[in-house]
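In the two complexes below, subunit A is the common chain; its partner is subunit B in one and subunit C in the other.
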Partner chain A sequence: MDFPPIALLGQAVVNGIFAGAVYALLGLGLSLSWGLLRQINLSVFAIALSSGYLTYEMSSRGFDILLALLILPPLFFGLGVALQWGLERFKVASFNSLLITFGLTIIVEAVLQLIWTADVRRVESHYSDIKLRFADLFFPAPELIALALAVAVSLALWQVSRRTDIGKAMRAAAEDPAMAAAFGIDQNGLALILGGVDAAVAALGGIGIALVYTLAPSQIYGWLGVVFACVMLGGLARPLGPLIAGCAIGIVEALTMTVASPSWAPLVSFSLLLVVLLARPGRA
Partner chain B sequence: MRRSMSILTGLAAILAILPFTGFPASYEALLYLIFLWTTLAVSWNILSGFSGYFSFGHGAFFGIGMYTTGYLSTKMGLPFLATLPIAGLLSAAFAALIGAIAFRVHSVRGELFSLLTLAATFVIATIILNTSIDGGSGIYMSAVTVPSLAPTPSGTLYLLALLVTFATLLIALLVYHSRFGTGLFAIHDDEDAAEVMGVPTFRFKLAALVISSALAGVIGGVNALFVSYLTTVETFNVLTPLTVVLMAVLGGTRHWAGPAIGATAITLLLYSFTGGDSAVVGKIVMGVLLIAVILFMPNGLLGRLAVRRNRPRSADIAAVPERRAVVTQGSGEAAVLLRTSKLAKSFNGIHALRGVDVEVRRGEILGLLGPNGSGKSTFINVVSGHYLATAGTAVLRRDRISTLPAHRVARCGVSRTYQIPRPFSGLTVLENVALTAMFGVAQLGRAEAEAEAWKWLGFTGLAQHAAALPDALNLHQRKFLEFARALASGADLLMLDEVLSGLTPSEIDNAVEMIRRIRDQGTTIIFVEHVMRAVHALCDRVVVFNRGEVLASGAPGEVLSRPEVITAYLGRKDQTVDTAPASAPGEIEASLAA
Partner chain C sequence: MTSFNRRDFIATVGSLAAIAPLGALAQKPTGQPIRVGGSLALTGGLASLGLIHKLVGEMYVEQLNQRGGLLGRPVEWVLKDDQSRIDLTRTLYEQLVNSDKVDLLIGPFGTGAILSAMGVAQRYNKAIVHHTFGIPELAKYDQQFASWALGASPEVTMPKNVLDALGSVGKTPKTIAVVTSKFPSVQFIAIGARKEAEKRGIKEVLYLEWEFGNREFGSIAGRIKAADPDLIWVGGNALDGNQLLDALKKIDYQPRNHFHQYPSPGPLAAAPEGNNALTVTIFENHSPFTDTPAAAAFAKGFKERAKAANLPYTEPETQAAASYAAWQLIEAAVTATKSIDDKTLSTWLRANTVETVAGKLRFNGPNNTGDDLNRIKQVQGGAWKTVWPAAYATSGTRLIAN
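Then we have the complex of A and B:
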């Protein structure tokens, strides 16, 4: 086999990190609500893609896509709170939350298709033309924005969960809900906030997707497997987990694409997921 | 069951005639789709609905079937019909591989199992896509000759699908009513308790997975010819397993026919929304339906039907269990039922049991005492096989049970009750008791097991609750259900783990009376208890544990007045108590002195 030159491998590592950033933004909400609320919230994928399409719509009407960063997260925060309220209201258990949010995701996918058709869309902005160059490696501006978002959000959530009362209360409630309630922790309130945060982060993920990738409604399911792999590999409810695991998986995938062929890439992430599930299931 | 079987056969016979009557091809295609999804949903349910292991890998088993037939009938030139059994076998083999790995890891349950099977689907799809099986260009089936079982090719496919569907429903029905099915339901409700009560959980889950995937593989083979062009994107679509789950949940996973109802309903629904934007609307309807069903009908359309109604037969209740030959206590090796030597168990460096030697003689009630955390429950868990001993041995009669898995230990004649009763919440009281008769010492068939269960329901006074679900019982009745389950297993050794905790004084008197009657009909008992009044009343001998070691043993009155035993329970006067007893200290001091 011809071994690709070192610069190509270096670029693969860089691209892998960029992919990992988007994985992290999508995985964070999933990881937090799974680990802290025992709910498997597939709706993060629906939220991300909706946010991606709204970003597309804004940019095609001539708004700067950075404006989306200001508008969309608060909007989806509200939606996330509402969804969480619904889940709490019906006391939806772990497995059923997966099925219900899957139902929501199907609906959202269909609605996106009705509005924007099934055609592939791409956000055109002046950022796409900016590329930083360092040594032989290229760093496109949209990817850099997505990476910066992922790192900032992950670090911020990490600090919140470690240092603030609200973070400690959430971890306590996840550890032993009854005991936490006895100490006066308002779990429903916390869950609502968490639901909102999950959705806001997923909305950022959607902006990331719109910046870096093309958009199509059926893409929702394409992200599912690899993001689950990142979430499991990173450990549930660990804010830095999805970023670290996402970059690891992204790099390995990108290297596989460079050395072998792109169609082999899924094998890597899913084999990793299988190994993680079997080797250290206690963490999950 | 007979009635369901004849209805099923009659329905299949009528449907089989249709292709010979000039039935319109478009309806044939619709019925074909109903058969296809019914087979997928019903076969999925055999593992996932019955045992609760929700698999998202059904698309993989189905896809392996499709690609097996596709590859063998085009690239290898095998006749189409010959590829179908191979499709089933290959699917089953792949399932066996996944199951053998996944079911060995005890924590891969619930969501993790779902994820694992989903990941396996993508791995398989990637491998098929990148090897010569697919090669990226897909497989065209147009050159494959359709065997002529019916006047038209579509009629042939219709008949084949009908046949597979009929077989699948029949298998689901048989499993549902069998010992195997009851075992799967017990796994669904409480897997650890099922294993301890004799259900070979690993083997059952594996068998269910293999059956379920073989059926999916065969229908996949048929479907390969129906779709006529195979691509990995379409075949291993994540929507396939999710649709299957939706159908089964809609119909009711606790009933063998539930998924068939769900599959028919959803297929008809999607069929009426085909083409253009209306397909998208169909998707929306499906999503709304899924949410509505889970919120408002979590047990599915057939949920209520799944609870079997068993009416007590007066003859059964009247029957009193015959007295077994009671071996009188004596000395010598023959009198020892259970002997543990240097039995030890540690968890990540914490030594819960540090090498205990305990001897249980036939026909006695041995009290096992000690402060909380002294190792009593660990002892029960190790002897019952729930935990594997770190060192040492436990020998029942001549069988070395400390190396056996829990379900084999149960079969040797060891049973236990749980401090907090753990009935199988989806099984009726009668079924709960019949389960241990099926999987205990005698390994009875379903009918005999129910007859045996009626006896013990009569013995424990629960006969009038036989058809109820355990949730309807109060704590006292649930503790008696634990007794009935343990007794129906036909065990020689019964381990009672704090059966009296949480009961009122008069309920305690009832329970003590019951334990005495259990011993009188020949069962040897290990009695773990903090209620000293009952210990004094019942026990022939007591063994006191402290910090995982045997502190003292002998007659109750003598042992309980020893100073080191009192210290273990209450701590020294000049020292803070580090192991708090469950009951109020004053009460224990009073009863120790009694």
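Then we have the complex of A and C:
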């Protein structure tokens, strides 16, 4: 087997980072709700696909796709707050949250199919024709936008969790709810905010999917495995975790596709997850 | 009556149905309906194609009943949703036979679902006509009949046709890259393309496989660019080809020639990078495909219903034609034999050729296969044009190869 040229390997690394950015946007909400609220919120996938479809709809009606960045995150923030309120109202336990949000995801899939049919959709925008080039490496604009979003959101949430009172309060509530309550931390209020933030980030992930990939209602489940792997590798409630783990998985997948065979990519990335979990069982 | 005369009779019935409002001509069907049972993927991952088959089936049954039904009896289509699930398909066909007690079976579409339904049909000795079965050598049951004329060995005939088509304009490729999904009905044909290329002395510069549902085409595109083949053979389903071409565009690579096995026809034609893409087809909305009144009426009727149903691509092509042809096979066999007995119908189908919108179908080859009736079409100026063989080419169109 001939070893691929350096430019090809370089492009594979770049492609892997781009893929990792989308994984990160999808995984961030899941990681935070799982780590801080002890809720396995699968509805982030439904929210992401819904956001992707709304982006598609806006684009097909002639709106600039970036307008979605202004409209959709606040919209889904509200929905996230409402969902979180419902979960709290009915005191949904950790495992049950997985079942309920999975059920919601199935319902959303059916609604998406009802509105947009099961056809695969693809956003056509002028951004697809824009790309930067450095030496032999190409940086398409849609992927750069998704990467910029992932980096900005991950860094912002990391800073919020480390440096602000609200971030510290959230971490304290996750660490020891009783003690946090004794210090007057409003856990329900914080949970509502976090639920909203998770949904808003998932909406950004949906915009990223619409920019870079295709859309089909059944794709909701196609993202589950690799995003779970990112969350587990990156560690729960670590805002930078999904980005770092996502890029690592993305790069490994892309290099596998380039050096060996594209069909080996999922095998290698999940093997990586197994190795890390076996080597560091306390990671999550 | 000879089989030729029977075909004439059937064609005449079909033509009349197409060109006249036969409500006045035909006897209104009476009595117990003849129940034709089948499933389609009305929900789930394959639902976009399922909708095409549903529209066609509804149109056909409506027209059939307007012209007197079958054997003077109305026809009722018992349609179930298999949710794009192969396991459920099997259960639904069990229900259709045992609980709904349908008279005749019509298949689902897609290789996996058809195989499931075929197993049930075989268990109960029922004939089954089906639409788009991709691996003919797996269809061992002697009472199954495919309306998608792929021939006995599409892994041989499809690559041969594509390379012959390119050769017809003096552009036989010197190098080929075969990149394919591991989807079963796609992959074996891509492997056939490798063999055919080798036989013709075409150098294979790249062979890659990806898992069905793959999203990441950037690395595959990079390897194609590095290999720089004269022809890319894309063994892909649906939007695989679009995604690959998009990834190639992102790295400034324009393929010289590219063939796509089973693309989503609308999106590939609409994408600027889809220009010159080649694929196969059994029906297009132009002469000579539409030369019979029945075919012209099918094309017109489908287009209207597809528009009304808001389908993104409203032109009739392989899926719709295969679906319509399946119903034509049932009508032809029942009308000719004046029977709904499964064995009688199967015997007649194996012995006769039936004129359908998808061409003349015969079932006297291995595994009830006939000829490969696929033609080659190409995206030119944002629309599909049939380019090979010359007799089927869109008027004034020639294959463009580089």
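One rule holds for everything that comes next: the second predicted complex is superposed on the first by the 284 of 284 C-alpha atoms of A that agree within 3 Å, B and C clash if a C-alpha of one lies under 4 Å from a C-alpha of the other, contacts with A are read in each partner's own complex, and residues count from 1 in each chain.
The rule is short, and it goes like this: a residue touches a chain if its C-beta (ideal position, glycine included) is under 8 Å from a C-beta of that chain, and two chains touch if they have at least 3 such contacts.
Note that the structure is a prediction, hence the values are computed from the model and not measured.
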- Task: Look at A:Pro262 in the shared chain and tell me whether it touches subunit B only, subunit C only, both, or neither; answer first, second, both or neither.
- Result: second
Can A:Asn96 be said to touch subunit B (first), subunit C (second), both, or neither?
first
Q.
Let me test your reading of the model: by the given contact rule, A:Gln113 touches which partner, first (subunit B), second (subunit C), both or neither?
A. both
First (subunit B), second (subunit C), both or neither touched by A:Ile40
first
Considering only the touch criterion stated at the top, classify A:Ser128 as touching first (subunit B), second (subunit C), both, or neither.
-> second
Query: Is A:Ala12 contacted by the first partner subunit B, the second partner subunit C, both or neither?
result: second
>> Once chain A of both complexes is superposed, is A:Phe138 in touch with subunit B (first), subunit C (second), both, or neither?
In response: second
Overlap of the subunit B and subunit C interfaces on subunit A comprises residues 110, 113, 261, 263, 266
As the complex stands, subunit A meets subunit C at residues 4-5, 8, 11-12, 15, 18-19, 110, 113, 117-120, 122, 124, 128, 131, 133, 138, 140, 213-214, 216, 218, 222, 253-255, 257-258, 261-263, 265-266
Per the touch rule above, subunit B residues touching subunit A in the complex are 54, 101-102, 105, 107-108, 110-112, 114-116, 118-120, 122-123, 125-127, 129-130, 136, 237-239, 242, 245-246, 249, 277, 280-281, 283-284, 286-291, 294-295, 298
Seen from subunit C, its contact residues with subunit A in the complex are 43-48, 50-51, 84, 182, 208-211, 213-216, 218-220, 222-223, 226, 238-239, 242-243, 246, 249-252, 264, 267, 271, 310, 312
Residue positions on subunit A within touch of subunit B in the complex are 34, 40, 90, 92, 94-96, 98-100, 102-107, 109-111, 113-114, 221, 224-225, 228-229, 232, 261, 263-264, 266-267, 270-271, 273-274, 277-278, 281-282, 284
